[in-house]
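Both of the next two complexes hold chain A, though its partner changes from chain B to chain C.
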Partner chain A sequence: MGYQMDFSVVFDHFPQLLWGCLGTLGLSFAGMILALVIGVLGVMARGSQIGWLRRLVIAFIEIIRNTPFLVQIFFLYFALPQLGLKLNPTVTAIIALGVNGGAYAIEIIRGGVQSIHRGQVEAGFALGLHKTQVFRLIVLKPALRAIYPSLTGQFIMLTLTSSICTSVAAYELTSVAQRIESDTFRSFEVYFTVTLLYLAISWMLMTAFAAISRQYFSYPTR
Partner chain B sequence: MSSTSTAPNSTEQPLIVMGAVEKWFGTFQALRSVNLSVSKSEKIVLCGPSGSGKSTLIRCINHLESYQKGKIVVDGVSVTDNQKAIDVVRQEVGMVFQSFNLFPHMTVLQNCMLAPIRVRGSSKQEAEATARRYLDRVHIGNQADKYPAQLSGGQQQRVAIARALCMQPKVMLFDEPTSALDPEMVKEVLDTMIGLAQDGMTMICVTHEMGFARQVADRVIFMADGMILEEAPPETFFKSPNHPRAKQFLGEILAHH
Partner chain C sequence: MNVVFGFKEFAFLLTGLKWTVLLSLIAFAGGGIMGLLVAVARTAQSAALRRAMILYIAVFQGTPLLMQLFVVYYGLGLVGIQLPAWAAVAIAFTLNASAFLGEIWRGAIQALPRGQTEAATALGLPLVSRLRDVILPQALRIAQPAAVGYAVQLIKGTSLAAIVGFIELARAGQIVSSQTFAPILVFGVVGAIYFSLCWPLSLYSARLEAKFAAAG
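== the complex of A and B ==
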């Protein structure tokens, strides 16, 4: 009667679990970079004078935000090869995370851009700067600062979502855990530990984001 | 070559010519057949009740606002919707705003160096030397490494003036530069503008500072309802305004001074 705890399984496989954590961090980090790039370019395209580009971005956001992540990654991994585009699990995971996170990032960053006073843009124009220069040099940094908590929150979400990438056998913490569990049948011990490891990863990221904020967004405001 | 009788010592072509300019915001007409010619080194003060179109007028000169009819020519370049022309004109026209509009994430020095480097293609050293020269000139050289939020309103506006000067413009536009300032800071900004006027800068100032107008303006232009109603040297304008709207306006603002 009762379940006998045996955490020795976890200790035996701890190196593998740590490698899994690194896999998760790697996928997530690459996904965040891609999401940020998509977010910034998407905001520029979203505010463009070119009608079809604007509508394309809106359609992209709608599609990504209203479909499940699991279906999106299956689409990349199982559907695209039918059209001749075969991606390995790591690349699939990074693209899926980046594209999914990017759609959310566009809307978040757009909010930041809209919070910037019109006078900032006009001052840039009056000095002779072009639209893209005004965006890149004047608007972007204060806009990112304004929405930094939401954006980094989204990035933590992205990191946790990366566990779904186990479904295409990408190398990350959850897939490592599944393998250990199926070898040892120690479900409780393994997933209890994995839960703690995800918590640790989230806290680490939050600390890192706070440090980045102190470094880049520390200019005084009123 | 035409010369304007109102501008002293000038036989050159006017720096700015506005001919029959009309502007609408939707169905609201903001400018009605505005004609204006500004010579090199001339100082113009634009005044009038709020909503009279003064700000809109100067914002059309550097195309922060488009206009629908008429023409504006700045230093021989026609200000149209053509981006090339707009670029050329904006390099020659500096602007100072009511709300300063300094870039909060850049130091005072960086604010002043941005456009010379990115627009004029100056080297960093060149841009920094120019920036420090103009910051010294507006008496704020010792604050070069501070951020805008660490400065008072008056200091911020002086930095904004220096930032515009760093592009070495031919004309400076001032859009109510002292309206957002606490009273004790108005003087330092006006003194900076007076210094600039004495150095021969061509200036168009939208302001209600009538003391400033008396002291530096070659012409005071009074606007109401999008029209220029009166145009006269300051002595004449303040002593004996012709138009009833101008009389009323002067009565109202002088009552407070």
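== the complex of A and C ==
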């Protein structure tokens, strides 16, 4: 006699799973914002006049992009307390997601900034705009429009990556699933359902990002 | 008992590295071949087949790799297939790679001018020969930068096998870390090993891309 599927454990624990989804969304949004901040600061540092700062940013990008997230989060999990930062696992996970996503965001945003024609920046200065105004109005917004698809794609990847944060016991969907699994031993039923929940989350995000794009970036360029 | 991170511990990391490399090679080769089938089915005449493949790809690209690993790992046991752990995780990574490499192959095949297929058909070449002698050699060349880039993702992805307890490089790092109580040193070394594996591939991928961009 084979194994009897029993999805009732999933229904019994459905509220917990939904809270887990919210945990994943919260973790991911916080990670996205941190990634954006690191991305913008990184682009400025990457284009600075100071040689060692530029090289530092390049080294940061290469190291993050060529090592696994799992190793990064373990490293941060043990290294942050050494720096005197005693943080709970969820905050550690947000930092890890932000640092990881930030490295990718720097390269994406830099591509967008480079797509802005030099003459536009000069025109901005000629109009008497301040340096920060030129950056915000003439560089950042059109650049954001250009990079929006790859940036939001990266954000969805970040959301999927957040499942790895279970390894430091952050509060999110995968760690909730692992707890239910260890209580009920219904591994397949639980993980199958959670996979579908993740699929729903990435679908929702894709739809939301597309709606935002229509709202803010659908102005004519010529 | 306090162990110092020495030669024996480093050697243990290297046995983990062996499995990381093996898993990556199996998944890349298996996923590459399966990916060809995915790409062909994705562009087939039959709408049902095309839609099934779109769903297949959407599931693998829209869910976490870790979940795919869990579902395959525990699912195989349920359908009565008893496999060693390395084979179960290798299957999961292969399936994931087939979806990603399948999309890369498809992009490359569709980037070829239609005239290539038409000329091959006009010459009376059968389908297999058309693919093997005309389409694939050119498409694989176009796909190179993206495929090498995906190889980096794959190598990093195999670290997730550590979470189901399979001893590859990341899991070996966890074990050594808890023996030596020197997590920062150990994960630093583990990260450096992954880096020395992935960085050359990333540079190679970027160089190929620049070369093709220049060639037009």
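Criterion: the second predicted complex is superposed on the first by the 213 of 222 C-alpha atoms of A that agree within 3 Å, B and C clash if a C-alpha of one lies under 4 Å from a C-alpha of the other, contacts with A are read in each partner's own complex, and residues count from 1 in each chain.
Note that contacts are C-beta pairs under 8 Å (C-beta built on N, C-alpha and C of every residue); 3 or more make two chains touch, one makes a residue touch a chain.
All values reported here derive from a predicted model rather than from experimental measurement.
Student: So if we stack both complexes on chain A, do chain B and chain C clash, or do they fit?
Tutor: They fit: once the shared chain is superposed, the two partners occupy separate space.
Student: Which of the two partners, first being chain B and second being chain C, lies in contact with A:Phe75: first, second, both, or neither?
Tutor: Only chain C; A:Phe75 stays clear of chain B.
Student: Check whether A:Lys141 is in contact with chain B, with chain C, with both or with neither, and answer first, second, both or neither.
Tutor: After superposing on A, A:Lys141 lies in contact with chain B but is clear of chain C.
Student: Of the two partner chains, chain B (first) and chain C (second), which one does A:Leu53 touch, if any: first, second, both, or neither?
Tutor: Touch status of A:Leu53: no partner.
Student: Let me test your reading of the model: by the given contact rule, A:Leu25 touches which partner, first (chain B), second (chain C), both or neither?
Tutor: In the superposition, A:Leu25 touches no partner, neither chain B nor chain C.
Student: For the overlay on chain A, what angle lies at chain A between chain B and chain C, C-alpha centres, nearest 10°?
Tutor: Approximately 110 degrees at the chain A centre.
Student: Per the contact definition in the header, classify A:Arg65: touching chain B only (first), chain C only (second), both, or neither.
Tutor: second
Student: Does chain B (first) or chain C (second) touch A:Val91, or do both, or does neither?
Tutor: neither
Student: Among the partners chain B and chain C, which is in contact with a greater number of residues of chain A?
Tutor: Larger number of chain A residues touched: C.
Student: With both complexes overlaid on chain A, what's the closest CA-to-CA approach of chain B to chain C, in Å?
Tutor: For chain B and chain C in the superposition, the minimum C-alpha gap reads 25 Å.
Student: Go through chain A and flag every residue that touches chain B in one model and chain C in the other.
Tutor: Shared contact residues on chain A: none.
Student: Residue numbers of chain A touching chain C in their complex, please.
Tutor: 2-3, 5, 62-63, 65-72, 74-75, 77-79, 82, 156, 160-164, 166-167, 174, 187-188, 191-192, 194-195, 198-199, 202-203
Student: What residues on chain B touch chain A, complex-wise?
Tutor: That would be residues 62, 64, 87, 90-91, 93-95, 97, 99, 101-106, 114-115, 118-120, 147, 149-150, 160, 163-164, 167 of chain B.
Student: If you look only at chain C, which of its residues touch chain A in the complex?
Tutor: Touching chain A from chain C are residues 58-59, 62-68, 70-71, 74-75, 78, 80, 152, 155-157, 159-160, 162-163, 170, 173-174, 177, 183-184, 187-188, 190-191, 194-195, 198-199, 202.
Student: Any idea which chain A residues touch chain B in the complex?
Tutor: Contact set of chain A toward chain B: 117, 119-120, 122-123, 125-130, 133, 137-138, 141-142, 145, 219-222.
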